[in-house]
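Below: one structure in structure tokens.
Order as written gives the chain letters A, B and C; numbering starts at 1 within each chain.
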Amino acid sequence: MHFWASAVYLLCLIASLVCAWLLTRGYVRYRTRILLWSAACFALLAVNNLLMVLDIVVFPQTDLSLARTCCSLLAVGTLLYGFIWEID
Amino acid sequence: MKENDVLAFLSATVKSLWALELLLLMRRERTRAWKMTALVAELRASTVVVQDALAGLIGAGLIAEDETGFFCYRPVSEMLDSFVAEAQALYAAKPLAVINAIAAAPNEKLRIFSDAFRLKD
Amino acid sequence: MSLLESFLSGAAVAGFVLASVFFLRFWRRTHDGLFAAFSAAFLLLAANQTMITIGGVPSEYQSWVYLLKLVAFALLILAIVSKNFGRRPFGGK
């Protein structure tokens, strides 16, 4: 069970890192701030997934869930900030 | 002609940076009629991008397509042509102002967002 | 789960739902399937966060809840892949 869980979160980690990298690359090229905010969102989601993997594999005793929840909230908050100020 | 007028003209008629490059290319070589494939090769763009840009510019009355599938620069009025001439000059003098005017449109931002996920250019 | 954490988690759920709605609007505006995929993914992230908060799940990795997250990120990967290689179910205009 733990093996599959950590495999899933590792996959999520890679996916969010890829998104963050592509969006950062887009920002460097076009300087459109919406890309910067979205890149930050996916970077934070990546941190969230990294904490999840750490939680399972490295520190099974400690509960990192508060830190993870903060990451999720910050991530989506950043994205919404970008959408609200840059697109409409 | 005021700079703001030219920028307003651009953000109303030219929907993407590809469309701008396409328009300026075809105006520079206005005597030439282009096949779609030639435009794709010249701009090193994808067929979809050029198709979209052409459709937008035909709708704006700047480019015409003949029955044999060739495209050429043919503005429907003198005034449109002078707007494009001004745009060309402005793009040479202040490229960032022109890019911003086009890229600031909400739909263009969404396109840039979506295109950021293309691995290749 | 502490009261503070439940509060933050609920806020995150609301945020994910709102982000999903934004992506839905972008999809309606551009007809670009990438935005539809992102919308669905963020809705699944909201569901995942909800299950963690009210599902009484002691820890996220001990249950099927993580499958929601797997599907969400699989959707993002799928959207990027079809943007690049597909016959444009997600990638096109």
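Note that a contact is a pair of C-beta atoms (placed from the backbone, for glycine too) under 8 Å apart; a residue touches a chain by one contact, two chains touch by 3 or more.
Source: prediction; values computed, not measured.
If each chain is drawn as a node and touching chains are joined, the picture has every node linked to every other.
Top contact pair of chains, counted by C-beta pairs, is A-C. Work out the mean CA point of chain A and of chain C, and you get 12 Å between them.
If you average the Cα atoms of chain B and of chain C, the two centres end up 36 Å apart. Contact with two or more other chains is made by residues 106, 110, 113, 117, 119 of chain B.
Residue positions 19, 22, 87 of chain A are each in touch with at least two other chains. Chain C has residues 26, 80 in contact with two or more other chains. Interface of chain B with chain C (complex): residues 48, 52, 106-107, 110-111, 113-114, 117-120.
Residues of chain C that touch chain B in their complex: 26, 29-30, 32, 34-35, 79-80, 83-84, 92-93. For chain A in complex with chain B, the touching residues are 19, 22-23, 25-27, 30, 32, 34-35, 38, 86-88.
Listed in rising order, the residues of chain C touching chain A in the complex are 1-2, 4-5, 8-9, 11-12, 15-16, 18-19, 22, 26, 42, 45, 49, 59-62, 66-67, 69-70, 72-74, 76-77, 80.
Of all the residues in chain A, the ones that touch chain C in their complex are 1-2, 5-6, 8-9, 11-12, 15-16, 18-19, 22, 52, 55-56, 63, 65-66, 69-70, 72-73, 76-77, 79-80, 83, 87.
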